[in-house]
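In the two assemblies presented below, chain A is common to both, partnered first by chain B and then by chain C.
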Partner chain A sequence: MNYSLITLEFLAALLGLAVLVADLWVPSTARRALGLGLAAALSCLLALAVGSLAPQSGSAFSGMFVVDDLARYFKGFFLFAGLAVVLMAVEFAPKFGAGLSEFFSLTVFAMVGMLCAASANDLALLFVSLELVTVTFYVLNSFQRTRLASLEAGVKYLILGGVSSAFMVFGIALVFGMANSTNFAVLAAKQKELAGSAVFLVGLLLILVGLGFKIAAVPLQMWAPDVYQGSPAPATAFLAIGSKAAGFVLLIRLFIGALPQVTAEWHRLFVVMSAATILYGSLCAIPQRNLKRLMGYSSIANAGYLLLGLVAASYTATSAGPTAMLVYLGGYAFTVLAAFAVISALANHVDGDDISALSGLGQRSPVLAAGLTAAIVSLAGIPPMAGFFGKVLLIQGVLAAAPGHPELYALIAVAVVGVVLSLYYYFGVIRAIYWGGQSANLSTIPVALPTRLLLGSCVVGMLVLGVFPQGLVKLADQAVAGLSHPAAAAPVKAAH
Partner chain B sequence: MIPGLHHYLIVSALLFSLGLLGVVARRNLFVVYMGLELMLNAANLALVAFSRFHNNLNGQVMVFFIITVAAAEVAVGLALLVALYRKRQTAHVEDLTTLKL
Partner chain C sequence: MTAMDSLTPVLLTPVVTAVLLLLIPGNLRVVLRSVAILGSALTAWTAIGLFARFQPGQVGLQFESLVPWVTVGPLKLAYHVGADGLNIGLILVTGLVGLAAVLVSWNIERHVKLFYVLLMLIIAGAMGAFASLDLVLFYFFNELALVPTFIMIGVWGRGEDRNWAAFKITLYLTLGALTALVGLVALHGAAGADSLDVTVLQRHLAAHPLPAAAQLWIFPLVVFGFAVLVGLFPFHSWAPIGYAAAPTATAMMHAGILKKAGLYAILRVAVPLMPEGASRWLPLVAVLAIGNLLHCAWVALRQKDMNLLIGNSSLAHMGFAFLGIASLTVIGVTGTVLLMVAHALLAGLSFALSGYLETQTGTLDMTRMGGLLRRMPFYGTALVMGFMAGCGLPGFANFAGEATILFGSWKSLPWLVVIAAWSGLVIGAVAMLRALRAVLQGPERPEFARVADAGHWRRLPFVVLLAAMVLFGVAPGILTSRIEPAAKVVVAAHLPSPPAAAAAPASAQPAGTPAQPGH
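Let's look at the complex of A and B:
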């Protein structure tokens, strides 16, 4: 067995433990320096992961853990997200009170769960890595123990997350019972006979419930607005990007990679899920006045756009859908991280997270105002930002499959309506930044160097992915190409 | 009568439904949490039954993972519920109303 494949996960877990141990010796005044040290270590790990020490392709632990181009793509993605969240937490530190080092190490542990999820090729590893992420987030979300909103967000996430993982475990039990294995390769090989078994399909549907909770897709989106609003900003950022992407990588691996035949049978379910998610997120975001809650609804709508890729994959055997999902997630990471970097930096200088509290930001801190504006423009899908190109790719994927399927044209119309609605509520944020009326407090907001660097790299990332997306598209294409199991027959075209 | 696979599965489905009923119908957070544990154990029962009748030990290994994860979840969850109780002096679902539009 090739243990060297898990080097990255192992080093990251060691790093998390090292932070806990170092906390014993570091004086409480130097906790922020500890965070910066951790960020430096994570960026070394990121450089290794995408550079010379990238894990080789292969599988370990009797096929449970695979490393391929898809896994490598997402490992880089999660390491960058973890690094950005640590930097945000350094900025957010005064709001935490005690326990800053624990926040750092829990962030790293959640990241380890995501790194494992990127390589999961077995329902057992899928369950354990998702639970590592979820249980860590129970703590991260309720980290401001003295703030009722944060505790309430944690408890809501706890109960709803617990229900969804109970559904997922029961689904895994049923799938195991029918397939006599939990390995994706075995499921792929047996999918023809399994697709006829009602118990197997019910089990798979329950697993979809568990994954749908992570990505906040309708009808499992109820938690997102409350939890996004109540959690501390860095935790919300990680929830919005890391936890969501972990759900999507497993969705891609299980439903597009391993079981394309079942996915093709379920095409109508995915169309309804995607359309309902886009509409729910976009419509409910309109009356929102709290910026983090708005981001919660925006994150629901974005889950709907990402599901367009799954819809495309359920209608055709081409890789356009999953490729578009990967590209969109890449741009979405820079966008969301930039937005939350600004929200974290503002937390110490602005009262509350209301959109109206942003008034005068254009004068108080041009850097933060520009960063947030860039993120909002990208979220709204306006060129030349990354969000525009990602949405174009996703809609193109569905459009390619659309001839002969009127429901797909309706879905595209829903997506376009969602984008138009989003222009309205995103513009409200920009208006508050620059034309928000008189603000009582016009003192300048100091922005620390790490936050400047993070914001700068996110904005550059958004611009580069929006203007020169070819590099990422090629990478995503490569990642998706190695996805299908050799044992699995080519996906049949959806029967109509 | 020797109990067969489907007997175990029926018991498991019943346990799962009872747990879900507890989560949906009960208003006390601690009782809701007990319902959650019942749902997890229903899945464990199904896994062990499948494992026994298919002569495949993988299912029982999976059960150990689930028990471990459930223990971690309970440890974190109860701590969280106690922290909420201290702050709010209540453990009722209806009282979680700080966060809304």
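Let's look at the complex of A and C:
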């Protein structure tokens, strides 16, 4: 067994524990410095993960844990997201009151869950890593203990998350009952016979329910707006990017990698899911007045766009769909993190997080104004930002599969309508930044260096991915290429 | 090919200027304005140089450069820019109107840095859109101007309605652009080519023509999507409101330049690549163009606000452009391109003039003006020249364009359409002359006693634009000799006999396409 494969997860978990221990000696005035130290350590880890010390390909724990290009892609992704969230938390610290170190270490533990999810090749590991993520988020979401909305967010997430976990574990039991294994490779090998079994399909559907909850896809989206609004901004950011991407990497691995036949049979389900998610998110976002709630609906709509990739994969065998999903997620990470970096930095200087509270931001802090504008432009899918290429690739993937399937043309029409609607609510934010309302307070907002760096790198990331997306596309192509079954065939032989 | 003979410098100059502006502290207004003027002047100078070096009478692309950009699965995108008769004139006027737009913005006082950065982005977007031969690149540049437009209308715009106008213009433009984008991606899928490069598509479709059934549904997506950007009736209502609310420079760039990107794309992509779709759908476009010619001209007649008058009459002129395209003749298409160039100058000039008037009088309500010619002799003369050009007075480039379109349409379109065009001209003339009377003539008003004529430097933008209009009006051959070979390629499939000279190396006109029966 090759234990070296889990070095990254191991080191990250150790880092989380180290923060908890260090908390005992660090005076309470220096907790933010602790956060910066953690961020530095995470950047080292990120450098290791993408640099020459990237984990070798292979599988461990009887094929339960795999490291391939897809896993490496997402490990880098989650490490960057975790690093950004820690930096946001440092900025957000005055709002927490007490327990800053715990927030840091919980963030790292959630990230470890995501790192494991990126490598999960077994329903058991899928469940365990998702639970690690979900349970930490119960705490992270309700971290502002004196704020009612935050507690409400935590409880809502707890109840709905618990229900969806129950569905998922029940589904896993049914699948295990029929397949006699929880390993994706075994499921892939047996899918022909299993696809005829109603019990297996019901089990799989229940697993889809659990994953749908993670990515906030209709009909499992109702928690998102409330939880996004109530949670502290750094936790919301991690929910919006980390938790969602963890759901998507598992969707890709299970439904596109392991069980393409079932996916192909369920293509109508995915079309409906995608269209409903896009429409629900876009329509409900229109009347929103709260920026974080708006981001909640926008995140639902974005889950719908990402599902377009799954739709494409369910119609054709080409890798266009999953590649587009990966590219879109890559750009989405920079975009969402930039937006929440601004929201976190604003938390100490404006009252509440209503969109109207942004008025005068163009004067109060040109840096934050420009960062948020760039993020909004990218979310709306307008060049030269990253969101543009992601959307083009997703729509192109669906369109390539469309001839002969009129429902796909309808889906594309829905996506286009969603984009136009989204412009309305996104541009409302830009309006608030530059000319909405009269702000009584026009004092300048100081922006700390770490936040400047984070925001700067996110904006540069969005621009680079928007203007020169070739590098990311290549990475995504590679990651998706190793997805299909020949790679997973070896453990199957061992199992027989 | 040397670096001088590429379009890249003319695209890069505004982008570099925008980046430079970002680096300058926001309180150094004079420096910011000087850098913006220098950057746009350099852009205009480069564009003039390109126009002068362009070899007239040649078929095919010049100043071409091609660098691979992104390859995604079956789709190869490239940074592919080049000029032929369709776009070289537009690149020239983008430079000129861009310079004028920067020059007239002397009265901007708030957020000066942001203003010039956004204006430079609009200029860069327009240049890039006209220069692009790859359709995704075209879309990319065209959308680059969207956010700046929105912010500029909101922050520096006029009137209480500017909020609504900003949203309306943004949503309309996006809806149009996205519809066109879906059409373009569908075109890529149906053609089976590995690229959305116009030249590749042309070559590919010459060998494997697109099935007529596919053309019939893709063509309207592309054409009506782009037509929204131009303001084809009944998708035009965003334009006058948006221009009335926009700051002067934005209105100049949008009405003058960006609107032409839609027409350009129709000429570059839809008509030459989908000849059967064109012959099926363009009659409908011609009918809708009558809406522009009659309805918008009539609406212009009723306006009291000078910007609304200019916005509506500019839509009426777009009706001519659509008519020229719908004629599917070499003369009609040549006239359309000529008109696009002329109208870019005219719309830029008109909005510059109305913007100056507002700085002096504080209003654009024409019923409250009068007798201003005596106070502002230079300005008044420029206004008379501009508005006269707007009603098609010979000697200005607009006359050349409109007359050519009418000649071209006469051959292939029913007489009804041409009569409608004439009535559009007459209504337009009445609107313009009434406006001139209201503003310049009549008794002087005491409240405008302190109105001042444009000083030396402030005359410069008007002089630049008027000079170009007169130059192309007196010698339209400068433009038509460059446009005509490209116009022939656009309507190649609709010419009575198969084109004999399919010798163009780079443009590779669809010579293999059989002449359509019935044309």
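Please note the rule applied: the second predicted complex is superposed on the first by the 486 of 496 C-alpha atoms of A that agree within 3 Å, B and C clash if a C-alpha of one lies under 4 Å from a C-alpha of the other, contacts with A are read in each partner's own complex, and residues count from 1 in each chain.
Criterion: a residue touches a chain if its C-beta (ideal position, glycine included) is under 8 Å from a C-beta of that chain, and two chains touch if they have at least 3 such contacts.
No experiment lies behind these values; they were computed from the predicted model shown.
A.B. asks: Quick one: classify A:Asn180 as touching chain B (first), chain C (second), both or neither.
C.D. replies: The first partner, chain B, only.
A.B. asks: In the overlay, answer first, second, both or neither for which of chain B and chain C A:Ala320 touches.
C.D. replies: A:Ala320 sits against chain C, while chain B stays out of touch.
A.B. asks: First (chain B), second (chain C), both or neither: which does A:Gly154 touch?
C.D. replies: A:Gly154 sits against chain B, while chain C stays out of touch.
A.B. asks: Taking the superposition as given, does A:Tyr434 touch the first partner, chain B, the second, chain C, both, or neither?
C.D. replies: second
A.B. asks: After lining up the shared chain so the two structures overlap, which partner does A:Val169 touch, if you call chain B first and chain C second: first, second, both or neither?
C.D. replies: first
A.B. asks: For chain A, what residues appear in both contact lists, the one with chain B and the one with chain C?
C.D. replies: Touching chain B in the first complex and chain C in the second, no residue of chain A appears in both lists.
A.B. asks: Across the complex, what residues on chain A touch chain C?
C.D. replies: 318-320, 323, 362, 366, 373, 377, 382-384, 388-389, 392-393, 395-396, 399-400, 402-403, 412, 416, 419-420, 423-424, 427, 430-431, 434-435, 468-470, 473, 477
A.B. asks: Could you list, by residue number, the parts of chain C that touch chain A in their complex?
C.D. replies: 26, 69-75, 111, 114, 136, 139-141, 143-144, 146-147, 150-151, 154-155, 163, 166-167, 170-171, 174-175, 178-179, 181-182, 185-186, 188-189
A.B. asks: Please name which positions on chain B make contact with chain A in the complex.
C.D. replies: 9, 12, 16, 19-20, 23, 29, 32-33, 36, 39-40, 42-44, 46-47, 49-51, 54, 56, 58-59, 61-62, 65-66, 69, 72-73, 76-77, 80-81, 83-84, 87-88, 96, 98-101
A.B. asks: So in the complex, the part of chain A that touches chain B is made up of which residues?
C.D. replies: Listed in rising order, the residues are 123-124, 127-128, 131, 135, 138-139, 142, 145-146, 148-149, 151-156, 158-159, 162-163, 165-167, 169-170, 172-174, 176-177, 180-182, 225-226, 229-230, 287-289, 293.
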